[in-house]
């Protein structure tokens, strides 16, 4: 019961947000950027502007919807890059061991001791603002946890009988890492991955606030939040709705990750049948 | 006697050392000497059992035979051809020579693979592409170990310990190897399943003309299964011979100690004195038994030069010159 | 057994839960262990010995959970305790030797650190003191060169050494109750004898009680005063150890003893196959409603299929659950 609930509820939230983002033009009747009209500034939610308007009179509803495109892209793509780097380093370090392991462990410790946002900031400063550099900056800086988990799982999995058996059956090391080790750590990696997507969405907000994210008129939840900061007393809706959007997305991702982990566990699967 | 023919597997002067790391970026000169100058041969269709102290290098020997551990010195040959050193075959060729059955039936199967996947993977890897042939081979192997082919769709956790050990045996048989290394094949199983697995292994040995190297602490199992028994101590063989001589006339003090320590439930309950009535036979003249004292060796030092001398029909014991 | 028992398990049920469904993995198990006593638990692999042991220290994980019953340790019900009370007992008053040392030990820490941690956590030692104690503890379990071995990681040790590290951790704080789940499977007989002697000394000198789970009937015969036999989640027989081997009552126990390979039985030119118990254990989802041994039992009759046999008392702390025992 609970398994299904997490998976379906979390999945549904994610799917709804994804659909709203992808098909945003079908749901909105104001342009998120061009329909700026100071006459309409700071209107509370009403029949025409469902979520109200911001300081420039733009429709918050359509900006939230369009903004999800940026936030979701940043979350998914940068976390994918993080997971791939973390898995690559972590599995190989744990499985191969020796000097390579010492090197990777040293590197992850260095990464962990510097806040990843500062790291991302430095990369953004070099690459300049924009979506592409945002993805690269966030994708290169938040893989240390994935790497640590992957390394310690690989280290304990490699002494399991089935890994030894695979070697005696002639499997190459690469094949063993992919077919025997990786599938057995997918649970924790997924959970870290969904949390990481949430992190990335929040980091995007932070970087946008510093003027290093998406360039202004284009909406992203992060830039909307920061724009709305000065209005929090007069037009709280301009901050609340993107806030709720971030919250729901992160919640949906976490539930989905949890449910997916349980679903992928073969112990859980057959008992349901 | 079997020893006239060429042995199937011959291990000569094998040594394996594990370097001790002295910390980050430093390598110390010390090494754990797991196997020291060990020689042993296995003949076709024989079961050679290796017994010995925990930590004396039995598993390391097994891993070295399977190519999962590189020898520091010495060589191993299979059917007369060396399989260590420069002429070493790759993992793929080795896989058809020797396979292994592991001690822990729970950890030895990948929890995320169905039995079918675990058996089909190696077959495909070794070039069996035809789907029908793969299925046939899986079905016959499963039947051979007493499982139903329908069960192949299941995951390991749906099987009991004994059934998992059967699956482990099926996996070891799937590539049709000549030698099977059994590292404590039944110690994780309960007595009644243990009997089933022992009977199965003996039956397969005859049917498929297999040769076994079995590592076991359970001497009643060793007595039941073996053709020859080798007693290992600190990386060396200290006594080796046909099973009946080892059990009836043990010579080396360490072997005698092992046999005396067997906890047999019925003798314990009857509170019988199980210490052997016969006396320790004296060593050959000019020699002492090696090791003279048990439990005093230093795993970081290589052992002194010793000799492995015949004391009876095909029965050898390790001595040190006095 | 005269003194009040140190541990008393009453009507323990362990369920496996999935959605609305509840499967009974362990049903109605009761036994008690007196101070300084060693109680053995023997049975088919997968019959629920390890999960019974885990339930005693509150370490059962989803999907398994205690359904009903009481576990009284020194008169206190462990099932009513909260997390922090249990943690204080665990490792200190009750400790456990886990069946799989490789999964119970941390692959990322040296074994010395893992042993020393027990002294730091439970005895308030400094790390420096604790290291000395760890070396002594390893020496006590017969690991050669313990001062060097404490620097090993688990994967650098042999199977038997890892198992002895687990034993050293479990014995570190002189527990009142030691749960030993297959403690000596990876040990050779001489080391095994030393370890068993060590445990026995602990029982005699400190009054430690032991729950000994083992497939090795020799170990059971040597260590235990009383033995329980489990089959498919039921405790089917409980006997004093000598009675069990001399006059087993349950057909399953009979079968177990008969399938034992006995030393000195093999003749030079013939090898009789070992006797087996025909058939396999029923799966948890398909337990028979009556006696769970019925599908494999040679003495079965129609009543065996209808209801689970109740305990027939054979003496003090001694019973069998079978309609046709003898």
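We call the chains A, B and C, going by the order they appear; numbering starts again at 1 in every chain.
The definition used in the following text is that contacts are C-beta pairs under 8 Å (C-beta built on N, C-alpha and C of every residue); 3 or more make two chains touch, one makes a residue touch a chain.
Quick caveat, the model's predicted, so the values are computed rather than measured.
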item: Chain contact topology (line, ring, star, complete or other); value: complete
item: Distance-to-centre winner among chains (Cα means, whole assembly as reference); value: C
item: Centre distance in Å when chain A and chain C are each reduced to the mean of their C-alpha atoms; value: 46
item: Between chain B and chain C, centroid-to-centroid distance (C-alpha), Å; value: 28
item: Geometric centre distance via CA averages, chain B-chain A, whole Å; value: 50
item: Per-residue multi-chain contacts in chain B, two or more chains; value: 103-104, 107, 158
item: Residues of chain A whose C-beta touches two or more other chains; value: 160, 267
item: Chain C: positions in contact with at least two other chains; value: 102-103
item: Contact set on chain C toward chain B in their complex; value: 42-46, 100, 102-103, 142-145, 148, 156-161, 164, 182, 185-193, 215-222, 241-242, 245-246, 255-256, 259-266, 268, 271, 273-277, 280-281, 283
item: Residue ranges of chain B in contact with chain C within the complex; value: 18, 20, 32, 51-55, 57, 59-60, 103-104, 106-107, 158, 160-163, 184, 187-196, 198-199, 202, 217-221, 223-224, 243-244, 247, 257-258, 261-266, 268-269, 295, 297-300
item: Chain B partner contacts - residues on chain A that touch it in the complex; value: 102, 160-162, 164-172, 175, 179-180, 183-184, 266-267, 269-270
item: Residue ranges of chain C in contact with chain A within the complex; value: 16, 18-21, 63, 102-103, 107-108, 155
item: Residue ranges of chain B in contact with chain A within the complex; value: 24-25, 63, 66-68, 90-92, 94-95, 98-100, 102-104, 107-113, 118, 121-122, 125-126, 154-155, 157-158, 168, 171-172, 174-175
